[in-house]
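In the two complexes below, subunit A is the common chain; its partner is subunit B in one and subunit C in the other.
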Partner chain A sequence: MKSLRTGALLLSPLLFVLLAAFVVPLLLLVPTSFQEYRPGEGIATDVWTLQNFVRIGADEFYREVVLRTIGLGIAVTLSCLLLGYPVAYLIVRGNPRWRLPLTLLVIFPLMLNLVVRSFGWIVLLTNRGVVNNLLIDIGLIDRPLRLMFNMTGLMIGLTHIYLPFMVLMLVAALQNVPRDVESAAATLGSSRFHIFRAVTLPLTAPGIISGSILVFVLTISALVTPRMLGGPTYQVMATLIYDEFMLLLDWPSGSALSFALAIATIFIIWISSRMTKRWAGLA
Partner chain B sequence: MSNVSLRHLAKRYGKVAVVKDVSLEIAEGEFVSLLGPSGCGKTTILRMVAGLIEPSDGAITVGGRDITRLPPNKRNVGLVFQSYALFPHMTVFENVAFGLRRKGESGAALDERVREALALVRLEGYGDRYPRQLSGGQQQRVAMARAIAPRPSVLLFDEPLSNLDAKLRDEMQIELKRLQRDLNITTLFVTHDQAEALSLSDRVCVMNDGVIQQFDTPEEIYHRPATAFVASFIGKPNRLAGTVKDGAVDLGDGLVLQSSGAASLDDGTPVDVFIRQEAVTLSASPDGKGTGLPGTIVLRSFSGAQVQYVVRLGNRFEVVVEVASSGEGANLEQGREVFLTIRPQDTIILRSGTGA
Partner chain C sequence: MIKKSLLAAATASLALASAPGVAAADELVLGSFGGSFADNVTACYIEPFKAATGADVILKLGSSSQHAAAVRATAGQSDMDVVFADDAFAVQMANEGLLVQLDRSKLSNAPEIIDGAWGAEDAYVAAMLGATTIIYNKDTVTTPPTSWNDLFDPKYEGRVTIGDISGTTGWQFLAALNQMEGGTLDDITPGIEKVKPLVKSSVLLYSQADQVVALFERGEIDIAVWYPDRAGVAAKNGLPLAAAYPAEGAVGIRPTISIPKGTAQEDLAHKFIDTVLDADNQKCFSEVQFIGSVNKNVTLSDEVSAIVPTGEALDKMLFLDPNDMAKRLPEWTRRWQREVLR
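Then we have the complex of A and B:
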């Protein structure tokens, strides 16, 4: 009983902040999402409607933004995983002397402001940017490639920004794989590739899950980078929600979108962790 | 099943030599232990045989085949780790089947051989469990089943019992011995526990500081140690320094110890005499022949089957004596004058300066 009370006491400061600053405002938005917004008048508090939610699935524009956001989340997560795993492997299993420099190299971008980093990508990716100029100069292309205001730009920018999180998660997971277990597989006849596939990869599944969840959640809720690299027209859910609240003042629609995004996120995380756990034999 | 031979094996990390020029011939089906304190290079040798560490020098052959530069997966050895190193994400069945699948075994034949291996370690019916659902002893048995299932030509054990509690360790020791005898696989067993090494092995290889000290049967190792290191490492010996005089050992303070090995040494040779704690008889009165060494009991401690005494001899020595708690001399009180009798053939005499 004592340990329970100590636990509650230790939790209470964080619990209070979460309740006051997160849960209560969130709950206050629940009724709003079922109300109607009348342009010019404001929120009609007397009418209850499901219209805000129905529209997300029914309206073609909204539907496209939802699918684009989820697609972007999955694509960025997968590319972070594919790019990050070799780096994490090198950090953990490579020469110990390279460990610190490599880790610093991974963390370094995090020290730079998000706006600065996104702006850097604009300089590189725009029609008259560094990348396009270079490609035209060496004669690979005649006309500039469209690298911004579309999926390509968002993918590049967000993958770069969230890669460190994935790498750090994978480093922690790889460090937890006992070398003896890999050695055991070797003495039992596994080639190096088979050891990786049958032992190392499944044993890092917890890190793969947590890294992927982190990157996925950060990606689909990212606001600054999609706004800067996607422009005002290439919308994702976060920028759309921002516009609904701040530009259109359509709070009911904005909150409905927010809840839809949260529910979709939870569902996708649940399904993917279940699948990963089953594959890695953790379930 | 093959003989193993190590020829001039060495491992250096930079300037530090962990294993120095070790040569060892292990006969087919033989159980050999590598025994030594931690850091003596025994585990390094084992891992070189498994292919997990590359030797700096020398050669390893198994059944006449040179495997020195082969990767571990091409060597057909079975290795049991101190940490068990089971695959935590696989069931017991899949753990044991792992090596068999690598050899292309499948279907009913695979099932049969996994069942067989689990039966050997008495874990029938545990196939569907995960390692985390098993006790330490059971996990160690799964590790053994996994190692023996693909029928390796050599079995390697890396301190496999040191993570188990004392009672379980004794049980597993018996299981292991039975298993090795039944399978008749050439076995190399690394341990720092001398009781384990002596009771399990056909021959024991005592190592210190990367060098073989003695490679012989457990009886020889125990009764006729070749170096001072082996003499002091095996058993719980008392070490007395003295000089040879008239076919006996003069310990100073008027103490003269009869030792059967002293006759062949010249007078005045400095020697170390090793006397096992259990080789000493205590009596309250002199035995009449005048051979007993007089001493004083300074400490008595009772530990169940045995009673230990610390006896002061003269001014220079304290000797630990162990007697059966039911026998004679078990109830001598502290501070009492006693006489120590040691049969001349129970003393081990070595020239001073033959190793640590």
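Then we have the complex of A and C:
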């Protein structure tokens, strides 16, 4: 009984912050999302409508942005996983002398401000940027490649920014894999690839799940990088919500989109964690 | 003991959360646009105001729509005492009942202000007169453009930029094209159809005015739909830019100044607006910002007169009713996102 109370007390600061700064404001948006916005007049509080939610599915433009956002989330998560796993493996299983420099190298980008990192990518990717100039100078292309204001730019920028999260999660997971189990498999005649596939990979599943969920959620809710690398025209859900609130002043529509994003996120996390758990034999 | 201090901390954070940025008695919070605009506001308006009243001014930078969103979010208890916003957004705030009616008896300079500057029921007053027009590089464009149609000339393909609809030049240019093509405010389709090829040939759709400076500097463009005031500042800094006013008429911009409801310092706010409307300060601002004045007693230098619309260009200027625009902009934006950008 006492430990329960201590637990509750230990939790309460975090719980308070979450309730006051996250849950309550979210609940305050619920009525707004069912109201109607009349341009030039304001938010009509006397009418209740489902229109804001219906539009997300019915309007071709919104639908495209929703699908693009989810697609971007999946693509960035997969590329972080593919790029991050070898790095994490090298950190844990490689020469111990490399461990510290490699870890620092992974963490280092996190010490830079997000805006600075995104701006760095603009300098590299713009029409007359470093990458395009280099490719033109060595004669590989004639006209600059369009690397910004599209999926390519967002993929590159977001993968770079969220890769450290994935690597750190995978490092923790790999460190928890007992070498004995792998040795046992080797003794029983497994090839190295088979050991990796049948033993190491499933045992790191919890790290893969948590890393993927973290990267996915951060990606689909990212605002600064998509706005900077996508410009005003290439929209994802976060920038669309920002525009509805701050540009069109249509708060009801913005609130409805926020809920749609939150619900989609929760649903996808639930599905993916169930699927991965089953694959790892944890369910 | 620990419990007490925890409680105190929680109460303090709650108090902070419920009273965002309450200003002290001798502080005025001013919502302003950023960049050179803020520097010039500081030099021409804030300094004289500080000298006269001894009050301090805190700047809060943002765009018109961001200011409008902030005033609505804090409805009735705004953290800003005076706010700059384009007229369409000032009207939106006024219609939502978020603005204090200006008291002309507290504004000694009110009689010197042109009639067109005042909003309905004095909810706001225009603080300057700007424009959306054609800006070109004098070195590469030898014959000055005379029509919006000149922007569509194939020789400028990939050498032109226009603004995204989120900025003032974006929707104003769309409105001007629409009128040129025979559309009305209720039927924007001709404008949407007309602008499509230009959006494709545009180097980028700028969302911040100063992006265009970089494009001219790097020689990426020859011509742009932009603000003559920004062009004037850039020209003063050495770029070979000039403004051309199309025969169909450039579009007028009226950045306004207003007082959000809930300010504890209405009198001080009025004093600040009076400082802004003062002829000397208006002249100071117009000269450094290259923008038209709303005070009848201001005469501008030749350098500034060459850039701001005067004479015939001013007569032809298209002024859009901010009330109409506030109602239609969301619809225009939606159509722009769906039909022009895709």
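Note that in this section the second predicted complex is superposed on the first by the 283 of 283 C-alpha atoms of A that agree within 3 Å, B and C clash if a C-alpha of one lies under 4 Å from a C-alpha of the other, contacts with A are read in each partner's own complex, and residues count from 1 in each chain.
Keep this in mind: a contact is a pair of C-beta atoms (placed from the backbone, for glycine too) under 8 Å apart; a residue touches a chain by one contact, two chains touch by 3 or more.
Small disclaimer: the values here were computed from a predicted structure and weren't measured.
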_Touching partner for A:Val199 - first (subunit B), second (subunit C), both, neither_ = first
*asked:* Output check: A:Arg97 vs subunit B and subunit C. Expected answer is one of first, second, both, neither. What do you get?
replied: neither
*Pick one for A:Arg5: touches subunit B only (first), subunit C only (second), both, or neither.*
neither
*Please work out whether A:Met246 is in contact with subunit B alone, subunit C alone, both, or neither, and reply first, second, both or neither.*
second
*Which holds for A:Gly40: it touches subunit B only (first), subunit C only (second), both, or neither?*
second
*asked:* For the complex, give me every residue of subunit A touching subunit C.
replied: 16, 20, 37, 39-42, 60-61, 64, 127-128, 149, 231-233, 235, 243, 245-251
*So in the complex, which bits of subunit C are touching subunit A?*
10, 14, 17, 65-66, 68-69, 72, 91-92, 95-96, 164, 166, 203-205, 207, 218, 220, 323, 326-331, 333-334, 337-338, 341-342
*Over in the complex, which subunit B residues touch subunit A? Could you list them?*
50-52, 71-73, 75-79, 81, 83, 85-91, 98-99, 102-103, 130, 143, 146-147, 150
*Residues of subunit A touching subunit B in their complex?*
178, 180-181, 183-191, 194, 198-199, 202-203, 205, 280-282
